[in-house]
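To keep things clear, I will list the structure first and then write my remarks on it.
Here the chain labels run A, B, C and D in written order, and each chain numbers its own residues starting at 1.
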């Protein structure tokens, strides 16, 4: 998908305050020179750092017990093994390195689950940058270990108290900081969202996932997968997992969204008890791009909900919205309970504790494996260590049946 | 048919901003009317959007109050119709509300502009709509003879300036400093530079972001601005009144007073200009 | 070092209850056939699973900022990127796979920090084994997230309440279980300790660390390191990091032990406020092997102490004791405070949050870099996510100076 | 010079075990002496080691009590010297205490054996010392004419049996079932098998692990055992007395009674054997 005009069909664009436009243009220029044209060997350095610092390539693993369970070959792309514990570092490292090439001095970022924040903080420590991370106050309380990791890596964590205090508010706040300090600061956005060139650039940094996986599938399975599953919040692991397969017509692409507790919405309160913007959202403009959004009739953005903070966002990357409109990708969703069950299933059966975000992809596999062909590739976008507290609380609250006895932990890990 | 050019016709324009519906519909009407009494030449009416990415905490909080008070685009248009003021009115909001207006089957963004013209609005400022993305709105504005105000930031230069110049009408909103809205106790030196870059534009230049006192207003107009835009300093008064449980009248009085201080400041600044520019 | 007789010089041997001897002999036989002779392609399968499930190879990373700080080339072998977060999986996966080849049905293991327990639980989930892990009650309370991870992976965690409730007691208790259920059960010991063939076998499983690192150093640095540093508790990451360098005379090997709060001991109470058995211990017999031990005059085993649970053990692998006696490896140690400082330093400067165990190796680097030659390789045995609670508590208690402001966390992560 | 062979000379040997120093030195003396009164033919004296890997909870706790009571190898030898009993005494402990005795400059493990001989011990059982590692201790025992008892487990077979046969003296400790020490309410069927495998050994076979009552003792001796070893069932009495704060005398009485029950059980079992083996 060429993006020279910053558009993916009707989606994308650059809807930002004028103060940011010059920075965005500067970034566009840097993106073209360094990322697209490997000027000064940027991409070589990026790939090398991904390898040495990040631990790439990550394996594509044949999931023996799931394959048996579903009577088809299931492969897992193990982004949980990336440094920091999620695919997020692919992007964070790319952008922080780009900021270095651009001569910026300061990095800011927003974070929801804290995974992008920790990835950015790690990349900043690695490349010796000052780093400030905006995080909703509510998320700070839901994801304390990640907050602590950011601080340990030397980042400042700025609590955002407006609104419900989640990712949406954190992005808005980071844009405000950027608008104020645009001259020396780069905003490392955490997913394939925001104004052009972010969606294209983040996709390019993340597409190493499918680049490797495609090659690994050829080698290990001797074939491309019939379908690729990835959870979708903003959609960066999703686009990363899809990118190199988009031209392979035989490969079905499934973006698994958070169905939350229900797909319905409460217009009155402006609350959607899900984060399924691809499945249920309408076209609109948010955080710099035209895309699919959870919004009310008037266009006010809804508060989204998901048991996994990382999917808890009312928007989605414009390119994904485009691929869905073009019928190239299929938006699906699973609810909170199914995700929790999948969390326990994968942990128990494969010895891989997934992030709750990731668990959504496996929940879809559980419920729909019969439609997915002989060979399925699931992107394990991250590990679940960050979610242990939530899992304890939510498993108990919901009476998830396939969970182990966790009574010694009721009340939390301490 | 926009009445904005008139506002700049004789002397500097004082352009106050309030979030409509803050803290409630009725009070908000009184507050806007008080601004006119205080000397407003144009009034920017904020239609609250849930993600005001260009606003500082003062206006963010006003937006939250207005939304909690039930403000919607539909109510906003009712509000404008009900208002008893005689100055040009500019709707300041974010693009998604303009784009979504009228539901899935409406012609977008024309439906919003049509309605705006109908209720008597004169133009728009849309902080998250840069010139590059503005064609559809520009066309609708042209159709209904409304103005489309653009913001020029301290970072705006070269080609970007030209693109804006092509699109802008009514006035150009000169952002006095980087950052988000909010009252400051100093006035940025970036303003002079910005005004300099725009000196040959034939659209009035109104300076905003951080103006708080009559003195600020005076200095900025003395420096060459054709108008001043003041938001947070006024919203602060609304917020304070709300917190203290003051009556809407008391708050309206204070707003009027503040407006007068600012508009008089602007006049004073204008008087200081040498050579004294001719009033056209 | 050949180990056909189960001895490393004067160390090693098989000091176990008679009931276990047949199992040990069976294991010796399996070790020779499968591990040493790759019968039935055992080692091939092991290497493949290490790659696909474990994420090997792990990178050897040039540490830019440390290199600058110490004015020499510092490289880090990134075992923290292995699945589970520490080198422990190399061994756990090897042993659980071996148990499968041996036709065993049940796995037991001991764990201190919980890293070996989680690695074993993961390997057991992966290979579909029942798994019970013994863990001292005190360690259970110090390492709750790891306990939870084990449960999530389907393992039972059996609290050990005898004594001080740490690793020493957990090993004793696991040996008792093994003595009771020896016929269908394999005991996956967590370090290069215990009776032969464990020390040799665990070393062989772990030596993939130095095998890769040696090759990576040749490729990336164009030279072998002048010195290799690894922390030493039982010594499995240590032997893993040393093994392939032992024959390289120019490479100095440093085993960094936990100096705890002091190297002195309290004979009266039977307590050593450190775990520096190589540096200060005497020869003795514990948990199946002759080795260096922290013991009192009479031979009673001391309670060891370290800020890092994983180093908190009164014994050490017999082969390490031998290498020290032969002057092939140098035992050194750093105290708790230095380890905590190193934890913060590495996190801040390199964006790698190390396990507290690992931090000991970096603390030694800080204090003694001038003696370590031009090129230093440090084994990053694990990541520090498991230690966040301890770090909060201990950093505050000790007033560690290079720590970030963590006041929002005083009282812990929740 | 070991007196152990005599103990098996006429009838089955009842071999009780206690942890020395549990719960304190003085009481422990009384308890051991009570065992003799109750009919002990050999007494196993446990020298407590901090890591008793072959013991179940009962004896682990006894070891903890004894260590907390200040028991050490030195005190242990004093204890043996002070004991006023007339039966052979076997020291049961873990290898590290034997190995470390006498400090860094001592000749190991000879120093421990020398001292043991001096205070009148007759032999050793070392649960963590398999035949393969026993040469040094074996040599020292030979030098001082002490016995070295080995354990044969239900899993011990083939070559291993031979290795043990070569090393063992005094008696062979037949482990009645897999696992660790501890009193059980059943007696394992593994015992008969084990005794069968050892039938041609010319060293007495004493069965232990789990024997709790006179009835157990009877059945085991009837099944062909030359002796029974009882630990946990006796240690339980000490533990209970300790917990209840009973006087040492009361506990000693109960131990004596239990010992009598067990030794009489053994005698009964012996009487049932057909063909009645000759007393040598």
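Keep this in mind: a contact is a pair of C-beta atoms (placed from the backbone, for glycine too) under 8 Å apart; a residue touches a chain by one contact, two chains touch by 3 or more.
Chain labels with UniProt names: A, C = Tryptophan synthase beta chain; B, D = Tryptophan synthase alpha chain.
A quick note: this is a predicted structure, and the numbers were derived from the prediction, not measured.
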Taking each chain's centre as its mean C-alpha position, how far apart are subunit C and subunit D in Å? 37
From the C-alpha centre of subunit B to that of subunit D, how far is it in Å? 97
Cα-centroid distance, subunit A relative to subunit C, in whole angstrom: 34
Which subunit C residues touch at least two other chains? none
Residues of subunit D that touch two or more other chains: which are they? none
Among line, ring, star, complete and other, which best matches the way these chains touch? line
Going by the touch definition at the top, which pairs of chains touch each other? A-B, A-C, C-D
Quick check on the complex: what are the subunit A residues that touch subunit C? 51-53, 55, 58-62, 64-65, 78, 80-83, 85, 121-126, 128, 144-145, 147-149, 151-154, 220, 344, 347-353, 384-385, 388-389, 391-392, 404-406, 408-409, 412-414
Within the complex, which stretch of subunit A touches subunit B? 13-19, 21-23, 25, 162-163, 168, 172, 175-176, 179-183, 270, 282, 284-288, 293, 295, 297-301
For subunit B, which residues count as touching subunit A in their complex? 49-57, 60, 64, 67, 72-74, 94-97, 99-101, 103-104, 127-130, 132-133, 150-157, 160, 164, 175, 178-180
